[in-house]
Amino acid sequence: EIRLGASVSASGPAAFLGDPEGKTLEMMVELINEAGGINGEEIALTLYDDGGDPNKARTFATRLVEDDEVVAIIGGSTTGTTMSILDVAEDEGIPFISLAGAISIIDPVREYVFKTPHTDRMACEKIFADMQEQGISKIGMISGTDGFGASMQAQCKEVAGDHGIEILADETYGPQDADMTPQLTRIRDTEGVQAVLNPGFGQGPAIVTRNVAQLGFEIPLYQSHGVASNAFIELTGKEAAEGVRLPGTALLIGDLLSEDDPQYQVVTDYIAAYKAKYDQDPSTFAGYAHDAMALMTDAIARAGGEDPSAIRDALEQTSGFVGTTGTYTFTPEDHLGLDQSAFRMLEITDGGWKQVD
Amino acid sequence: MLTVEGLRSRYGRIEVLHGIDLEVKSGEIVTVVGANGAGKTTLLKCLSGTQPVSDGRIVFRGESLNSVPAHRRLAHGLAQSPEGRQIFTNLTVEENLRLGAYLHSDERVDRDMTEAFALFPILREKRNLAAGGLSGGQQQMLAIARALMGRPSCLLLDEPSMGLAPLLVAQIFEVVTELKNRDVTVLLVEQNAYGALRIADRGYVMETGHIIISGPAAELIADPRIREAYLGL
Amino acid sequence: MSLLEVSGLGIAFGGLMAVNDVSFAVKPGEIVSVIGPNGAGKTTLFNMISGIYRPGRGAVRLNGEDVTGEAPHRLAEKGLSRTFQNLQIFQEMTVLDNVLAGYHLQERGPIWADLLSLPSMRRRATIARDGARALLERVRLDKTEGQQAGSLSYGSLKRLEIARALALNPKILLLDEPAAGCNAVETEEIDHLITELAGSGIAILLVEHDMKLVMRISSHIIVLDHGEKIAEGDPATVSRDPQVIAAYLGAGQEEEAEC
Amino acid sequence: MDALLQFIFSGVTVGAVYALVALGFTIIYNASDVVNFAQGEFVMLGGMITVFAHQAGLPLALAAVLAIIVTAAIGVALNKLAIEPARGAPVVSVIIITIGASILIRGATQLIFDKQLHRFPAFSGDDPIRVMGATILPQSLWVTGGALVVFAGLWLFFTRTLTGKAVLATANNRIAAQLVGINTGAIMTLSFGLSAAIGALAGVLITPITLVSYDVGVALALKGFAAAMLGGMGNPKGALVGGLMLGLLEALTAGYLSSQYKDAVAFIVILAVLFVMPQGIFGKSSTERV
Amino acid sequence: MAGRRKWLQLGVLAALIVLLPLFFPSGYYYRVGALIFVNALSVVGLVILIGYAGQISLGHAGFAGIGAYACALAPQHLGLHPGLAMLLGALISGVVALLIGRPILRLKGYYLAVATLGFGILMSMVLTNERALTGGPDGMSVEDLGLRAMLRELGWRLSGGEMWYGVSGIALLIGAWVALNLLDSPSGRAMRALHGSEIAASTVGIDIARQKLRAFVISAVYASIAGSLLALQNGFITPDVAGFMHSIEMVTMAVLGGVGSVFGGILGAAILTFLPQLLTVFAEYEQLVLGAVMILVMIFLPQGLLPSIGRRIGRKGE
């Protein structure tokens, strides 16, 4: 039996991230065990819900290592919880794959810490590249003040200049706000704004999108990968969502992928399994968990044992591993191992997704 | 009309009524006197249902009240003007009186209210003010008036004369006598023992949770033990 | 010299002048009573003197110093203490702690002494405790000292309040209906207590509806009606005043006094 | 100018949401002096149950009615199972019970339904109404109208009906209330039922705007509580005015000052108001003589 | 008499802290223990404020936030030793409490609750929004206290968990000792008196504004130190520490345990810290069970765990 540990934010303000992540982890362990486990050994997964609270996350990390005696940890749905787990993993020499976005998790590189999601910076760059192509150079931003939104806001502002993008208006909203028309009115009334960018997750982006329609904006609206799921279109309504652009992973357009796409197999398999078990589409975040588990089990298989440092070494040697998010190649200098190509620019048309790059 | 048999009651683990036997006949005025802490208030609270009974029986008009909750007892005809007045301080004087007649909604309510105002004219003056702003004595009047609004057949009065000016004390005792003429039975707890015994038919003397003496009021006034211990004569 | 001097005191609630232009003075060792019908303004007068209401007009002088509108705790520091018609008891505290609260001014010290339980604090606390026990004995509540105050009967609470007021070691004591809820015998005890206090030089200002008590112990009586002073003088004068009889005492007074 | 109007529209919409939650607080508070921190969960339940009943095939109107009835029943159950058994407990303990209930309801909702966000269609479509260059959604008018109707209903209830007075009397002095024949237990049941129903109604009205998921209750309760305190707890007028003021404050701050600190500005204004009026705008200080 | 009882109680607490580790199956329990002690410390502060002085606060996490971020920021920007940063945080918290306490504490009941709530929200907003300084919602790391290294040099090899168990345990003992001292002191009596009746308290000479303020400041310092200890122990801190939920959690612990009693507060903290750890086996049902437990405790032990149980056994609850 191989003991794996996980702590995700299945409840609380980041349940959006953690809930599908937790479900994915449980499902995958089931599938792997049904298929005979790793090197003939079953996986025993201990999964905790830290509720998005870094303090709890650290307690659970300690518990996983000291009490449950796991050989590796997956989790940390948010940057905050990740940073709390990371210390424990480093201290105790347990390999840890994070599911959070911040670049600071793997930069500077820490011996035992890896992550599967693209960084927020990469998402910003993808969006700005598309804007550049569309001839957009002046934008207004409206971001959520939650961890995801705030981090995106900061990263996007940092790289905007590199793409010749000028941010003329910079607004925010709270995670539970009910109406964003004042902020959007300000953006609308800012001279020269050519597009609106709204990084965030939860109900915020849906409300922003509906408010944008209400106010009759004639400029394009960009969302982030934070809302890359079909549920988003349902929440905003087809009309309001029409024309919204965002960077997403292959996971979101599983049915649009051509069969020769390298990710086709892994993506369609995963979607099918998840749908069968939970009667829902997996979200982009669910995909991060999928990839983390896949990477981890792959590394354990290659390490051929349960020695944490051997697993770590095997992880670091991962190369060309195809996940739902992208293709991973870890090196001692790069514990993320994804590049820009993992993102695809999508547009919502007729209540569905269309790849536009 | 009202019979109490072997009534016991406790606060937490401490029993303060150790088997009270008491009877009030229809149309009577019965008074209970006793020193501070004797258990008079506790007795009345048991009767009105706001204090749990641990043993014994309360029978009112042939029915056992033991399992009747406090809010149903007024419907049976039992009203109380409690110790500490317990008025609705945040409501107006008029609202207090109206709630006194909560169980009634006929036109007699207005008449009763007019009567209450006639009895205590100051309440009419203050009818639209918050009852909490009344002076102590005015609150006492309100408490008595509110109890009357419930049209009780038996009225429990806990020290009604407390805090009232001498003129009003006399008036309260008159009212009680008047009630008797209207066939309202009154159980009166009083520290003004002399005044109370003078208008009462019978009296009980309580000491540390027991009834120690009982009898016709006139006899009690004459009883030297009572004259010394309660009347200060 | 007068200890307490009230001049032209008045206050209004809404449109009502609850107290209007009331003046009087109390000397050490004197018992001055304020009587009057319900709602005459007696309690309100007390509330103004003790700083609970800020007077609308007029002045209160304590020991010659103008203290009009000062906060109650400042007045307490200057030797004024009182009881309440509507009991103000620390229900959740023990009987002894209630009286000890009255010793606050004598036992208080720097906060760190309290936090660190320094010997100086413990010394002060012990002195206060001994004093409080003596006071409880004086009002016959010593047996209840460990009980929660909320569990006392009404009459006992009245006595507890008096003990607490005495704990301040006041120069002037305001008593608002101390005998309410007490029977004749208990009232007599209060009578003795008040006389004794006055004898020791404390000035007493008393509100009471028990005329027997008032007439027996007062050196001076002030009669209020509708907020105004309608009469004053010694007991004999006041009880014969027709205006007072009409407004307050009633004709039945003689009979009452005889029992 | 049209920007100002837009801010006001936004403020009124959000303010009406807060007002509806705040109005829900008033009844239970008036009956028991307890601020029911599970009030936000009633709002959430109103939304969630409607969503799932609607998904199950019920027409929207019917689904909404069902949600209100079920939520009212849950309110009554809360009173019977958790509040009534704790009779005589100090107010803080009862408040903790309501916090516990809120956690429990959230946990149950997430189990019975799900953790996703949901919405159902607006009652009168999504075509914005244009007024002098500003726009407002028809659903906002529903919410505002709902708040006004609930306010009027409550106001009449508390000032004109004997039952309303009985509710006030129960909180003011429970023993005395029983002595005059008020069945205080029934009054509490009524209060919880009504409060829950009002909360559920709020949930039904606002879901098309704010969306709903199992955990929206806490934030709503928080804002509703702040609004109720600003207006003066227990007074329907205070709930309405407090709610609208809070909404407008947030919208105007977001529009003219800083969207980042709009909640902060709102709370600073609340603090300032309480500094001058310690009982809120319409609150009465309780009259207790000594 | 009261003094002996105090030492007895403290002795029991100390013995528990020292002996419990004998039963710890793994190092993780040190972590839980340390968390319990830290939470208990802030709850003891609230017992002083709510239980003694009768003033509610729904914003005390704001002070925990000050303490926590003082430990994160001061070493980084002022080059202060983290231990000193903790004292600085306590000082700032005390001063902030003094400044806002004056106007706020004139309010009563729910109005006070909403005002303190506002303070807490302002604090957590500043911490969330001032990203440049605090790292925003993602949080920031906290410098190591260096105590472990020091102990190692003295030849005392402790794991992080063990060390923090000890440090927090000692902090809690000191906190409880001070709170018990206060309880039976003139100031404590004055606080409890104003809780009972402000009018009566002021007529016996108690400056109620001042006593309330004292209780507020003292409890703020408790919360601040607890926040600092948490930050130092975790090595990483996010604005959650100052959040509304944390404030509510603290009050809940205090009331559940018995808000008038120091040891009740500690018990409440222990239960509400440990319970979620226990409930992980219920996974999905965790919230359900937690809510139900809170309700049941308050129904059956309305005065809080310790006082109610104490009353049942027949002794007075503390």
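Observations on the model:
Every chain is named by a letter (A, B, C, D and E) in the order it is written, and numbering of its residues begins at 1.
Operating definition for what follows: a residue touches a chain if its C-beta (ideal position, glycine included) is under 8 Å from a C-beta of that chain, and two chains touch if they have at least 3 such contacts.
According to UniProt, the chain labels map to these proteins: B, C = ABC transporter ATP-binding protein; D, E = Branched-chain amino acid ABC transporter permease.
What you see is a predicted model, and the numbers here were worked out from it, not measured in a lab.
Here the chain-to-chain distance from subunit D to subunit E, counted in touching steps, is 1. Using mean Cα coordinates as chain centres, the one most removed from subunit D is C. Among the pairs A-D and C-D, the greater number of C-beta contacts is found at A-D. Centroids of subunit A and subunit E (each the mean of its C-alpha atoms) stand 36 Å apart.
Averaged Cα coordinates give subunit A a centre that lies 73 Å from the centre of subunit C.
Here the spacing of subunit B and subunit C, counted between their Cα centres, is 28 Å. Centroids of subunit B and subunit E (each the mean of its C-alpha atoms) stand 49 Å apart. Contact with two or more other chains is made by residues 11, 145 of subunit A.
Residue positions of subunit D with contacts to 2 or more other chains are 110, 260, 263, 288-290. Within subunit C, residues 43, 52, 84-86, 88 each touch two or more of the remaining chains.
Of all possible chain pairs, those that touch are A-D, A-E, B-C, B-D, C-D, C-E, D-E.
Residues 11-13, 15, 19, 142, 145, 171-179, 181-183, 185-186, 189, 202-203, 206-207, 210, 213-216, 231, 234-235, 237, 239-240, 280 of subunit A touch subunit D in their complex. By the touch criterion given at the top, residues 288-290 of subunit D touch subunit C in their complex. Residues 3, 178, 181-182, 184-190, 192-193, 195-197, 199-208, 214, 218, 260 of subunit E are the ones that touch subunit C when the two sit in their complex. Residue ranges on subunit D touching subunit A, taken from their complex, read 3, 6-7, 9-11, 13-14, 17, 110, 115-119, 121, 126, 128, 135, 137, 206, 209-211, 213, 215-216, 219-220, 251-252, 254-255, 259-260, 262-263. Only residues 50, 56, 103-104, 106-108, 110-111, 113-115, 117-118, 121-122, 125-126, 129, 199, 244-245, 248, 251-252, 255-256, 259, 284-295, 298-299, 302-304 of subunit E touch subunit D when the two sit together in their complex.
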